């Protein structure tokens, strides 16, 4: 019957907007909580300053580009 | 003589149909809008060009390959055939684009003011209202949309290109051309569509509200946020996991600071390559029989409505929040909740400056702006789930 | 002990055949020419290396994957198998390369002096004369070429690598190795092949002709030209649309100024990636049984003839034009009509400077040079159309 | 019969070169015309100076590279 | 109501199994190690993220596509399904990575002192000893490994990620997740695992041995070396040709000096793109049923043993060479023979500086370091050959 | 029988390590020889100094990047 399509549309609206709002409202809470916890934890432990991060595999990480960028940075600092 | 006939018979002039000529003109118009008017050129240049290519009679851009009984190829497929089936039908291209967008997204403003997520939620009202609109057009016999098509049309209101393409390629691939063109065109028209609505729904005093400066956001928060979002999606809404998972992956690569090589490539070479092919592939769905029909006019009209309602909902939600919260938000930033990053945020900023030349809203508007991306990805997940079961 | 036998039996020494050793030597020679002599290294390094790889006995670089009855993979295919079937058999790689070449091409000199298009047309005489040559070799029973093979050999005279690969992979895939090697080798030899012909057909006075400076070309012309060319192709010659369509797409991205991200990637990361794999994939057709036969010698000989005739036709066409036109062209730039961009234009410039050290022809020669690309793509389209119907 | 191949070759030559010349000759005309029209039109309307071209989607368009290039340009101008 | 049930039924919470939750935690731990501890982040960030994605219930990241009887797609596959089957099952991704690694490798130190190749050979003892260990665990009924699985576990000792992935995807794909994680984790732990072993097996005097400065290496040597290696592989060990062939190809592009465009792209955009997808694809094998079992603990334990034995073998080989040679080598550089480029070489340098602050071993250790890459690729070729015939 | 697995393992070790050592030992010899030959040959013929290497196809090889790099190099030389 014709009305099924309308019903489906209304269902979609109802459950769809419901889910979107529920999810994002929950995310507001989770994000706020996360920021609190993370900032407390990290200030305390200083996040194991990420080690000297031996940057692994590729030794020759584009030294040419590095030079270019270095030059540009030098330039900016002048 | 036979050869001359063969050459003539295979020429475009002999084979061209009116529909193809019109579609080639549509392609040229898209290119004109993209190049001369600056309408989302990164997508509309490839889409417009793809539209022309696929409508060249006899060029075979979307021909399927032909294999003999032994499985050997007798004649290869066309370029757009391969692009569409490998990258769009499978959903790979929109997902890779989403990874790239994630690696370009700065969640800082959102983290500094998480409640702007609600503005990103409110703006999705446009999506679902439009679904109702499409369904109503069907109910009254004006146009004939299935629920799958109605859902795909609604997603135009998400103001997020890859999300629209991802949903439509799953639910209503025949509408892909029209929906993608509508989505990107309206995103480009945000500076024209939104300001009147924003002004109509706000008082000058509201538009002058100054928001307090955003707190600085730590590196650790930035790293943990995409993971927290991912876990929440995993637990509550797996249907949104493909889009949001790749988005979070890109963002984590950006923020974690230890894979800058990968993040750079994701933001540049990779997203550029995929953008070119995504656009051409979308163009391959711009054939006369799929585009030149009353439904396309309906899609364009409904898409515009979706944008307007989304904009209004965002602004009204901000006003609603102000009735309850201590720290007022400028309701203009609600309009940025439709996504269309970063255009909608710039529009909010500009309308704010018109009201008060000292009132810089750009960073405040970036929060709802990226929230709108999350919001429409969530809406996409819900719709794919519900519609598939209907 | 069995294991020792297995190891020995699987070693290269036990399996190597004479043909494979010769082909590996051919690969090394190609690498030598590319690296030490500067012969089109961007293509000949990958082709040469691919030649060696595919001739390693037992390494399985072009092995097909094996699936069991359920469709599960029992053993994967070789790298070159996948590259060839995904990128060359389908025509995707040459088309993507053509897009990249389009985005590197400056049509300015051609737009400033459109009649140089005729020089690009004339140089294609080399293509069709060579077809006759190949057919004649067959007629007199010297070698055995079909019309499809003859057409593929002729296209060497187009002096355009991706066009030659595109045509050959459609019409005569078994000759792909020989034809690609011939095409790129002769393009590298342009500075040696062309000057004697150019000098023989021109008088010193002709070589000293100074051409008037090219008018400046506006941005709008540059943007509209690839679209005009595309529309003309669409109406008249859809068979050339794949090649010229992608070429125009690349050029439009370059000139339109609003998608520089995409244009940059097309000119760099994307074309480089595809070039590597295109070269390896062409190398995969360099097996002994396909390369070490009299036909290859015929192909090399005919290819050289094609280049010479193309060069001569371009020069003579320029002289013919001078008999009718008011503004004389220096006939040396006719030789650039074979394409081989930008080598042939540089050669024209150099021979011109030899005649008169003040006579800079480089920009004037770029017009016929890029016209030659269009010309051979048109020729490719015609040949694919006609030959497929024969 | 043997001669078919030769005939085919000659046909290819005839129709092939014919098409190439016809197409490129036509293109000479079209291009000349196009340049005339376009340059007339664009001078008159100034081509809607391409709008402020709000450059769309990616906000963070490689600022690092932008900096490098800016530095290089500054350098050149000195 | 039905819709609410459908939404709930499709939510993660309703479908989540304990194993999936544990695996998501494993993914988070891998991300923590990569981001906060700097464990090989280029691979472990994508692997860790892929682990989370593939364990989201209902998200379908590794779902196979479904086709109807006519061959039309009814529902597309998941992202990780396509990545795994296109790039890892076929072996393409490890081979492309190897090409990239080749184009980043400087063979100069190895060419200046070729006998350090023997150190790279000795360190592969770890691979084969570990195979025996895995077999013994099976023999005594503690764990149940086939010879194919034992060989794949052994390759962890090669300390070379792409080699381990290439071998495992051919011989024991179900162990791919565990083996790749073990391989990259131990490579990251090289600075912790190796020094105690190095100190235990050397006297302070040995650690202070100063090596003579390396002679300069000419450009011609650098160009010819990858070709010489390739020819040797072709004649003697075709089974190692896929890995070493691509490695040599990358290195030739780097050194030949005429294809810098291609070499740059190989070292940057291409290897980065493939690294992202390789990591995600490996993560797709990190499902609970494949990872959470006693065999994984066995793999981790055996992998650690393999690293230790490899390190010790390298050091002892260096001491053995010193009993015979005139020019002494510092035995610390033997430890670099496990590969793990360039970490192991840096560790050798650091331990050397601890013994004598003037003794710079870095360049000397790079020889055995890259020799270790060759050594484990050779070992991989032998194992694939022998095991396939068993 | 159970012992087959152990036998296979031992075989793998024996032939595997044998091959690795044989191959790399041979490579030591080949490499040493190669260096000798190559350096002798190249000093004599100077390796046909690679020609002016007309760098082929793409005329417009990223002049923008070239400029950046040039600027950076200039910068460094100062």
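Labels A, B, C, D, E and F are assigned to the chains in the order they are written; within every chain, residues are numbered from 1.
Quick note on the criterion: a contact is a pair of C-beta atoms (placed from the backbone, for glycine too) under 8 Å apart; a residue touches a chain by one contact, two chains touch by 3 or more.
What you are looking at is a predicted structure, and each value in this text was computed from that prediction instead of being measured.
**Student:** Can you name the chain that lies farthest from subunit E, using the mean of each chain's Cα atoms as its centre?
**Tutor:** For subunit E, the chain whose C-alpha mean is farthest off is D.
**Student:** Among the chains, which is located farthest from subunit F on the basis of C-alpha centroids?
**Tutor:** Relative to subunit F, the chain whose C-alpha centre sits farthest away is B.
**Student:** Between subunit A and subunit E, what is the separation of their C-alpha centroids in Å?
**Tutor:** 29
**Student:** Could you please state the distance in Å, as a whole number, between where the Cα atoms of subunit B are centred and where those of subunit E are centred?
**Tutor:** Their C-alpha centroids are separated by 39 Å.
**Student:** Where the CA atoms of subunit B average out and where those of subunit F average out, how many Å apart are those spots?
**Tutor:** The mean C-alpha positions of subunit B and subunit F differ by 46 Å.
**Student:** Two or more other chains in contact with one residue: find those residues in subunit B.
**Tutor:** 3, 7, 35, 38, 41-42, 236-237, 257-258, 261, 268-269, 382, 386, in rising order.
**Student:** Two-or-more-chain contact residues of subunit D, please, as numbers and ranges.
**Tutor:** Touching at least two other chains: 11, 15, 19, 47, 50, 53, 55, 68-69, 71-72, 75.
**Student:** Using the touch rule from the top, collect the residues of subunit E that touch subunit C in their complex.
**Tutor:** Subunit E residues touching subunit C: 85, 89-92, 95, 170, 223, 227, 230-231, 233-239, 241-242, 245-246, 249, 252-253, 256-259, 261-262, 264-266, 268-270, 382, 385-386, 389.
**Student:** Once bound in the complex, which stretches of subunit E touch subunit B?
**Tutor:** Residue positions touching the partner: 3, 6-7, 10-13, 15-16, 24, 28, 31, 34-35, 38, 41-42, 45-46, 49, 52-53, 55-61, 65, 73, 76-79, 82, 268-269, 272-273, 275-276, 280.
**Student:** For subunit B, which residues count as touching subunit A in their complex?
**Tutor:** That would be residues 110-111, 114-115, 117-118, 120-121, 124-125, 127-129, 131-132, 134-136, 138-139, 146-147, 150-151, 217-218, 220-221, 224-225, 228-229, 232, 236-237, 257-258, 261, 371, 374-375, 378-379, 382-383, 386-387, 390 of subunit B.
**Student:** What residues of subunit A sit close enough to touch subunit B in their complex?
**Tutor:** 2-3, 5-6, 8-13, 15-17, 19-21, 23-28, 30-32, 34-35, 38-39, 41-42, 47, 50, 53, 55, 61
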